[in-house]
Amino acid sequence: MTSRIKISSAFDGGNISVINASEPDNIRVKIPNDTNSKFLQWFYFRLQGGMGEQCVIQFENASDAAYPDGWVDYQAVASYDREYWFRVPTEYIDGKLVITHQPEQDSVYYAYFAPYSYERHLDMIAWAASNEDCITDHLGETAEGRDITLLEISKTQGLAKNIWIIARQHPGETMAEWFIEGLLERLFDESHPVSRSLLNQCRFYVVPNMNPDGAVHGNLRVNSKGVNLNREWKNPTAEFSPEVLAVQKKMAETGVDLFLDIHGDEALPVNFVDGCQGVPSFDVRMEAMETLFKEVFTAVSPDFQTEIGYTPDQFGEANLTVATKWVGETYNCLSFTLEMPFKDNKNLPDDMVGWSPERAKILGADVLYPIHQVIMSAHMKAND
Amino acid sequence: MTSRIKISSAFDGGNISVINASEPDNIRVKIPNDTNSKFLQWFYFRLQGGMGEQCVIQFENASDAAYPDGWVDYQAVASYDREYWFRVPTEYIDGKLVITHQPEQDSVYYAYFAPYSYERHLDMIAWAASNEDCITDHLGETAEGRDITLLEISKTQGLAKNIWIIARQHPGETMAEWFIEGLLERLFDESHPVSRSLLNQCRFYVVPNMNPDGAVHGNLRVNSKGVNLNREWKNPTAEFSPEVLAVQKKMAETGVDLFLDIHGDEALPVNFVDGCQGVPSFDVRMEAMETLFKEVFTAVSPDFQTEIGYTPDQFGEANLTVATKWVGETYNCLSFTLEMPFKDNKNLPDDMVGWSPERAKILGADVLYPIHQVIMSAHMKAND
Amino acid sequence: MTSRIKISSAFDGGNISVINASEPDNIRVKIPNDTNSKFLQWFYFRLQGGMGEQCVIQFENASDAAYPDGWVDYQAVASYDREYWFRVPTEYIDGKLVITHQPEQDSVYYAYFAPYSYERHLDMIAWAASNEDCITDHLGETAEGRDITLLEISKTQGLAKNIWIIARQHPGETMAEWFIEGLLERLFDESHPVSRSLLNQCRFYVVPNMNPDGAVHGNLRVNSKGVNLNREWKNPTAEFSPEVLAVQKKMAETGVDLFLDIHGDEALPVNFVDGCQGVPSFDVRMEAMETLFKEVFTAVSPDFQTEIGYTPDQFGEANLTVATKWVGETYNCLSFTLEMPFKDNKNLPDDMVGWSPERAKILGADVLYPIHQVIMSAHMKAND
Amino acid sequence: MTSRIKISSAFDGGNISVINASEPDNIRVKIPNDTNSKFLQWFYFRLQGGMGEQCVIQFENASDAAYPDGWVDYQAVASYDREYWFRVPTEYIDGKLVITHQPEQDSVYYAYFAPYSYERHLDMIAWAASNEDCITDHLGETAEGRDITLLEISKTQGLAKNIWIIARQHPGETMAEWFIEGLLERLFDESHPVSRSLLNQCRFYVVPNMNPDGAVHGNLRVNSKGVNLNREWKNPTAEFSPEVLAVQKKMAETGVDLFLDIHGDEALPVNFVDGCQGVPSFDVRMEAMETLFKEVFTAVSPDFQTEIGYTPDQFGEANLTVATKWVGETYNCLSFTLEMPFKDNKNLPDDMVGWSPERAKILGADVLYPIHQVIMSAHMKAND
């Protein structure tokens, strides 16, 4: 009898290559490379015909991934309804990633992390723009003609602190756009005291998706030109990184008082930030703001911590091709890369869902607490 | 000063070609052809930078459309939030279609009719499958690898009448998939007496989107091969019309007691059905069922009527390449093409929205009333 | 060990008297009389402390109920969340009603039928009034000072057919107000063709609750004066039936073209209507409208039927103290009492919930179909 | 012409006495006393027939209110839909409170603060109990037979910190129950890190409404016996304060590690807490916890502050008849009265709604941040 198994990925963000799916318990697949790139790690596909079968899915080229350490202690996500994504048993053995799962329905989706589609992106932009405190601004377009849209959000027409937040330079880090969705929902809550206070004093500039081409193609790290945008900030080009060029141009108009670049980290099982130590102009004021931000964030969120993270750059050695470093240096402002896990927060793990869209959204809402304290602090006022 | 106007269509179902957008009040565009086809009529694009400007958008090749009559008395739809679509002033003059509209926001979408994306399609399939009375069945795939998914819905495991309903053979007729969404919501209403009665006696086979390739490409009538599926039912091929082949194969397994093929009509400003008169095997039983269906539908829905429609085929001359005729002839069953307007129901017009997703959904729910009466009738029982 | 069982009813519509609740499996209660009345049948109470216990609740005076036949084949309703009401095993033996149920939670409610509180009533009035086609009118007040509120709903300012619908003359027949809620939701659906057509031609006058005093007291049939309002229409008084007086006064201003009085029937396991045959002025036109209404209702709703119902009055013998008869006679119009079951529709039973709020709401929405056909008919136009 | 004005208050929490309503611009009313009490301040009524009229409502006995200072700078609340409550122009002149408002609809409600009905209370209890981490416990009943219900909420079966939170000892302080609703929604958010962390370490004991009798009667401060429950904690009695007796009995079983008593303050336009300084056993550990709680709360919520509040009692002079003092003394634990304004937070005012249900709910959610920090602190662990 022939297998009923059918694997498909011809949809937004879909990414898989089937080697053999003739037997449910021996499905062999490969993760295709990012467009014009050697990177690979993001996968997303639909499996049909597996109800009640023990499905064993082997990713044969898992060891070629951009971050093989990402597979250690990693559990893939699955969904029947495309809304609720749960973790399924996953192992990394002999260089292969292996999902073992018996679907309860005949149609199930598997992914590296809960996807965030371009349709949802456009819906979110449209929803945000319907708020009276928010307008959209067309910054530019990608190589494939997709819009780079900026959201400008404030309750004041006067002088205000300029807070820039960008997400998904790396398109496969979808938790970054979930984070933005949560941040915006909180910011638009007319009754929330932190949001009200911030919007009276600040103007938010939010780019929910820096890399829509890469997102639609199901890439982990690059745009359709095969370029890692987060290595383009020193010398962006119209041909290879128009996304960065467009943002820098707008930043030059507005100035930047605080910058966050939202990411996901494939390996580390925690949420953390990486700041500007090592940037030439790093000074005591920036350091004090970094410290305050981290203290408040730690106080409000058991999902945030400061013990695990990247090793700070030595003074002056920071890579100014990276967004956070470039913005910190250029605007002498508080500037952080915020990293969320693909896996889970090991300090408060959830076996069912691991790190999830819902948790990313709450972290995105809660980041307003440390932002608020920094804005209210003497460090910020000193900058007026 | 340069225009701020930016038109984009690099998204699901997007379709436009910009000639010149340098002045808001003289924007000139063309509607691109369907993929590998001479048909054209569907358009869908985003316009940015037009807030507060009187935007005049001329479709220069409107007279080349598949149905130029479709432009007469037609009003285009627009949306800010991608959920609520309203009509905007539109004229057809000298072979050009002209939209004149002053957007209230800087980002606005225009379309031939409210779009229904592939992402929404996949969400709807997944939502339906979460119902305990519904399973999915993978019928086959398109030339571009998209899934043709069948929903099977019933409360009985025993003998049941087989009701087949397909939609969007013509992908630009998006109202057809809105209709399906409304029909499914009603069918899944556990408290609705008609749904409960039907699911006890019938098995529904629903294909919400027969032509996902064409839908994603923003085509009006054809799939990615340039083929009009509704002329393929006599001799479908694996190369050019695998969508039809897959459905016919499954129909052969299940049989068909009642068939509806859901469409939109570009020209006629009413809802109507077109039956099987003219099909060789058309007989008094089929005619009686057609009459009963139309009587009940007319009684329940002021949005349905029988006065305006297509001219019935003469006896024996029906085109068996068309789904409705082929199914009626093959299964000697009640078989209708159901047509909704792109414009409005002129008997109960709504100047704000015209014919709309919401109204299509209600019609889709209400079609269960005539189906129920036909199923309960002696004609149907006579067939046991 | 003492029983943890605690029964309370000190809330809106609550009605029970505890004889002994010291043992979960031998709880004995009585149904208190309606206020100033010998009627009794409505019960509603909260039971705490029963989780995991087999609770046996005996209603010792069940045989004294207004309609002992109502207990035959009756299943009581229960709810944990006060929203979803399900049926629990209930028997009528030796003149006692006995509920046997093992609650899954420590707090559970039991009732004769899903309650509809005065708070929900006020919320519904306020919600309705927020619709642009609806205004409220204060008709008068009850003996205890509660408002008798009329909803007037129309899209036309001109000549219109006047449709009066009243509910809950008998306060324990809560399904009547659920029915109104469903009717209003449908009527306010801006996309529904029947609602749009009706509101263009008619003015609806809806009294969602004729007897709020009785409802709050947990009465089955009477107001706080002990009076059955549906025997007061011939000679209502300010002292005993101000509710009827207020409605009749407003009717005299507006006239009546169609009247529905919504009720629940304790004994019959079906939905049905009772018309005006037997009223002195009953004529062929009224009879034709009754027939049309019943035919259309039967065609659209498997939850409606005409086989079982009350025996029609002989010509001229109808009791003009009853609302339906009095209105039919006074305004020579189509006038029906619409009865829903406390039990279930035996032709399409639902073992889980029996007749329910959701099903009553759908019937309330669906009654617009027959109303629409009658309004569109020659009989109605003849009356212009 | 006679006035169409009709004022009614025969509903849950309704409280007004009409002197004369014959002219819309000269409506004169009195606030009835609390049941068996000389206190008065809470009002709540429906006004009909005022659409388009300038309605001037004079409260003639405003100067007899419990807190006449409460009227200074106070704006009454109004609602059409009973959900959204907005402020209306209100003045306190010559000992009279005067509302001047032109209603947009014929039915409008006015109140001292957004009401919270007993029906909503029962719904909230039932909703909470549906959560798998929550059970209900019947503590006792009021003089009028209403249930005093406790919610117990935890994810652990083991040793846990016992957090007691009670609300509405003073029934007219409805913001206290809105606060509880917000706190519970946050606590039941399965993705929220603070809630997850707290429920792993603590057991919450929540009494959403200490005084349901007073609430239904529309009292400001007392139960149906005329007793101020917050002066009964030293010597509660079964006859006059069974509500307090029931809670103290349960506290004796569980112990208390942290206590909050939620109130509204008639005069002060801020949110604040009042602790246990002045209680005999007040010590450095309690003081340190008070300080930490206030610091964290201030850091997260611009709606909280510590500058304005009650004058701390001198050492040893605290009134042990008050809940907070009695609990703090008895259990040597962190114990606060939390006060919200009837007016607004003057540091972040909202002219449209003032202090509101939505803002009270957010404060209730946000109080979990300081609770969490206290629970995680060394002070708390020192107590193990």
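So that you can tell them apart, the chains are marked A, B, C and D in the order they are listed, and the count of residues begins at 1 in each.
One rule holds for everything that comes next: contacts are C-beta pairs under 8 Å (C-beta built on N, C-alpha and C of every residue); 3 or more make two chains touch, one makes a residue touch a chain.
To keep track of the chains, here are their UniProt names: A, B, C, D = Murein tripeptide amidase MpaA.
Predicted, not measured: the structure shown is a model, and the values here were computed from it.
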item	value
Target subunit D, source subunit B, minimum contact steps	2
Chain whose Cα centroid lies at the greatest distance from that of subunit B	D
Rounded Å distance, subunit C centre to subunit D centre (Cα mean)	37
Whole-Å separation of chain centres (CA-atom averages), subunit A against subunit C	55
Where subunit A and subunit D are represented by their mean Cα positions, the distance between them in whole Å	41
Of all residues in subunit B, the ones touching two or more other chains	none
Residues on subunit A engaged by subunit B in the complex (per definition of touch)	4, 6, 8-12, 46, 48-49, 79-83, 105-107, 117-120, 122-123, 125-127, 129-130, 135-138, 141, 144-147, 149
In the complex with subunit C, residue positions of subunit B that touch it	189-194, 196-197, 296, 299-303, 345, 348, 350, 356, 358-359, 361-362, 369, 372-373
